[in-house]
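Note that subunit A is present in both complexes that follow, paired respectively with subunit B and with subunit C.
What follows is the complex of A and B.
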């Protein structure tokens, strides 16, 4: 390789001078991340054992276990890095949005073929991610279209296989996070993060993409346009969990945002107020599946909730980002 | 609005005496969009030296533009998921036509003219189907839409006309978006970008895919060397702890080559290349990395990384008479050769993503 020619042309440094990120990184890892994956692992194991005992789609025990495990996933689902991303584990837990209907297609095909992978955990882990995870299980538990496809015994085995695969995945994520925790808390040699700033940026990205997903996808997809609202595209509407996911994600993202801004009390305070405003709007909505997207009056209230999340995003990108060495450049922010 | 007859007369006149040609617009080398201090977005004609030869107002933030090969006409595309594109006469500054994407589709921000300037091709998203499209527009007929065909993938972004004038190279980024969800990426686990070559009727000639482990490397922007070597710049959608190559070189009928800086430099650019360009002599190719405030330079023969330059919010890049020219989001315009990067002008605006070359006739 030829000589590395580097010419420094910056008149101003783009990152703040080096700060000790250690305490915040430790707090985020130990108080925000690890408990979430421990909860996920525990509730997913419980889901798998409940399904083993009772695989009827209408079983209240099974549905309760499903809800509890899905709650813990949604509360951790913004943490899509490290062990969560390995082998597309996060997507295998929750493949949504499913814009091309891969989940029902995959499930119908498995049922029609009586696909033998349901009897072998290893083989099932190789099934398309669209046929696994919480959204596949939701179809099996709540979608009338799947209530009478194929044989009851196969449907039972499929429900148990999906639940067991969720548990396997959740356990693997949780186990790997025990080791990965030290890497993100202690950037530098031996860590995939070269500096404290880089590790902070990973958490920042989790916050911004989490907010984007909730505003633009969880709310944006059912809202559609005024002329063409799409309430049938609400996330997990069959189990009536759509609004609940927005509330759970806001609570989780608020916790992360306040920890990320711990060194900047003014920003933390503004973020806290903005999150509370959004949570209040969500709480007042009383529309679990965003069915109201289709009627002007109730639609306005969903749009107001979306706007209140966009207000949080604006504080995050213009105030919090720059404190973490995130360039707020015209092109670097554009993402195109 | 120019009538068809006037337009055709102008076209005929242009072929005899190029009064409506780019030279009458100050002979710019590039088009670039920018945000100005008054809060307005404008399209500018730029010389290699960084002189602003004209500016024309845009309705909102643009992305890239397409330059007519003879007439001083530019098509400025909205930033995705925009549904408009405006055709401006760069001499008078007037809007000649406005392109509206068909219902159910939006523009992806790039487009290219045919060699004779009679057709305009635009990258588009058929968003309910989640399929990439190429729109075809009839220049002489007031930019009327006359057809469309599949882009050969999802999320087509940049597109270039190959030197044979008979085929297009399309960067299908692989990322599905829907305007209801803004710019949120809807299909990351199943995305499959490709580089598609097709004829001007949409018949696919060749498709290049990355190895499976790189399926989250979105192929977004293209540059073309006059001998037909295509450079493609990528944006990594996978884990931030991985630092895959963000530049590829491909010649139809051969394997693609992926180029990367050593990990110490590669790891600083946050998996994001904004634009790509070749040097005038074709020996060098560069990507701009605004998230790492870096411009990375490579040798096109050996594929070796030959240098990194620190440039705040650098993004636009194009071929200049003695190397390459770049623009930044802080308003700087500069030149890069293998040895150095020099700022040649500072404009009072923020240059947007791309520098679009104007290929003036050689007569």
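What follows is the complex of A and C.
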């Protein structure tokens, strides 16, 4: 996927420089970020202990715990900087899209070899990211192809190991945020952020990258092209969570956008309306896995949802960014 | 217009620049140097691709261990200038739109030729993953019967490449040629590249792997196509060419394009997609030049291209320097300390990538480095990743310093046209 193309010179009002970023940085950190990683840690711990007690793929307790933990990850997954990037934690929590089928390959190989790392948390943390995290666990819990591979006892141990590894990463991110919070709230000496502008740019980038990922990847992959729709590429379709992830990410990104625009009520109000329009379209879709991408009528409605997210992106990049005097910089989606 | 300097005049220029270091060069001059370097790099890529073609012709005419190895050496040499052009890709739409034809990766090589049984069959993502056009003069593609009895540049470029809209169906470019010269690397995490026997090109009874005539036809067509694609791109950077014109249309946007190319290649593409992801997946196929085991060079010359674009100094494959007013000069005039920071970080990255390269050349192959639990390998690769991530931060600071942040330099295409990203 080639993302970059044209260079557009926007004619913009003169931006306010040297804005006091302190209050917004504190607000975003304390009210947006810290609670999300606390929730993730708590729900991931609960997933691990549930799996310990009941590792049957069809178990409703286990599936509920899985859903709750995955929900908290998706609600925090746009915050890809600092503690999530240490030791590949975020990659290990959610490796997707998996364009070459690494996850099923890795799991099948582990099951076939009865790979001993499932019995040792430290060894398991060295397994390929494709064999760990929510998408690996989804295969084990929901993919019929994995229901009878190898021995039941090994599958159980594998499910427990993946759940424990999710909890380990979630706890580590949450613990590190307790220290990182001060660094991003107080840029300057000793902080990776040289100025308030740089710390603001990190949050602004989280917003733009999150919107880009939801529009282009979460929706764009299953949409494919009109002639060649790809509903099988929908995110977490086996657990029927594809649309849910779009809704959760929109809710999280709205919260961040409103905090970023707190000093500019006019823009905040336009953003709020645009997010609500997108959320309403998502809510009305009634197509949990975007299976409708393949039929013209329902496809149109998924495209309309994607367009409404692109409308938000347009307000963010042409109004919010310039007003704050911040650009998105580079993100991990740049490139192919 | 390529500027050629003798050593003496280059020295004079250095002195002159130093004397007036507080004066910013004009943006027009900086863009001119950038375009001159692009023209020189693509021209070097073309020259070395022609040398590759001569070696490929010799292999086909007289297949032997010696002619196969000569063709492989020519391929490795051709990568040196080409990888240094990659810094032009993400800032210049004309390059990005074209690039997939010459350097697409990763690929499902079963589309092209025979593969080992362990490679698997068609996948959810790609039903043509094992099409094997060399063995099949006729096949079905998206409901149409394709006549592939002659393997021509047109068949590869217009029908087979990205067949069924799938990017892993790479039928053309450097990596297709690489596969035809080396074959699959069956060594897993052990040392060693692909080991295609020269007899895969032997005609008559000596032929191995079947269809040696069609394999030769494919290799010849793919090389011919590479040359015509490079000829086209070189022309775009000449005086009056479309790439040069687009770059200089708006000077601020042009300078922004330089930084966009540097930052996007450093961060999302090289540090992320090409280096860190492979390490996290521990997959020996997730190395950029996986058939030839040339990945360390691929990374090194990508990094070098970023550095020489910033410094405005490129040395051509015949030793001729190309240099002029640079982005570095622009930064010096606005904030000399930031220029020092940028130069130090670029040089840290080159040191880390150089360490990766020298260790690989000493026998510790990139696919060994990728192995799970290989601490030394991980440190070598992460050294490069960290350098690239760190330099991106400073590239962003330069964007802010030069007040280019009002230019939407990222992904606007997908905003204007939601379908555009799937082309």
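We adopt the following convention: the second predicted complex is superposed on the first by the 310 of 336 C-alpha atoms of A that agree within 3 Å, B and C clash if a C-alpha of one lies under 4 Å from a C-alpha of the other, contacts with A are read in each partner's own complex, and residues count from 1 in each chain.
The definition used in the following text is that a contact is a pair of C-beta atoms (placed from the backbone, for glycine too) under 8 Å apart; a residue touches a chain by one contact, two chains touch by 3 or more.
Please read all numbers here as calculations on a predicted model, not as lab measurements.
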Original post:
Taking the superposition as given, does A:202 touch the first partner, subunit B, the second, subunit C, both, or neither?
Top reply: first
Original post:
So, does A:151 touch the first partner subunit B, the second partner subunit C, both, or neither?
Top reply: neither
**OP:** Pick one for A:306: touches subunit B only (first), subunit C only (second), both, or neither.
**Re:** second
**OP:** Applying the touch criterion given at the start, work out whether A:330 contacts subunit B, subunit C, both or neither, answering first, second, both or neither.
**Re:** both
**OP:** Could you tell me if A:317 is touching subunit B, subunit C, both of them or neither one (first, second, both, neither)?
**Re:** second
**OP:** May I ask you to decide whether A:220 touches subunit B, subunit C, both, or neither, giving the answer as first, second, both or neither?
**Re:** both
Original post:
A:81 contacts which: subunit B (first), subunit C (second), both, neither?
Top reply: first
Original post:
Counting only touches as set out at the top, which of subunit B and subunit C does A:178 meet: first, second, both, neither?
Top reply: neither
**OP:** Answer with first, second, both or neither: which of subunit B and subunit C does A:295 touch in the superposed model?
**Re:** neither
Subject >> Common interface residues of subunit A - those touching subunit B in one complex and subunit C in the other >> reply: 1-10, 12, 88, 91, 95, 99-100, 102, 129-130, 194, 198, 201, 212, 215-216, 220, 224-225, 327, 329-332, 334-336
Subject >> Residues of subunit A that touch subunit C when the two form their complex >> reply: 1-10, 12, 15, 88, 91-92, 95, 99-102, 126-130, 194, 197-198, 201, 208, 212, 215-216, 220, 224-225, 227-228, 232-233, 303, 306-307, 310, 313-314, 317-318, 322, 325-336
Original post:
Given the complex with subunit A, which residues does subunit C contribute to the contact?
Top reply: 90-91, 93, 96-97, 100, 106, 123-125, 164-165, 167-168, 250, 252-253, 256-257, 260, 263-270, 272-273, 276-277, 280-283, 372-373, 392, 395-397, 399-400, 405-416, 418-423
Subject >> Residue ranges of subunit B in contact with subunit A within the complex >> reply: 35, 63, 79-80, 109, 130, 157, 176, 178-184, 186-190, 220, 235, 238-241, 262, 265, 267, 270, 272, 274, 290-291, 293, 304-315, 328-330, 334, 338-341, 343, 350-353
Original post:
If you look only at subunit A, which of its residues touch subunit B in the complex?
Top reply: 1-10, 12, 14, 81-82, 85, 88, 91, 95, 97, 99-100, 102, 129-130, 192-194, 198, 201-202, 205, 212-213, 215-217, 220-221, 223-225, 230, 327, 329-332, 334-336
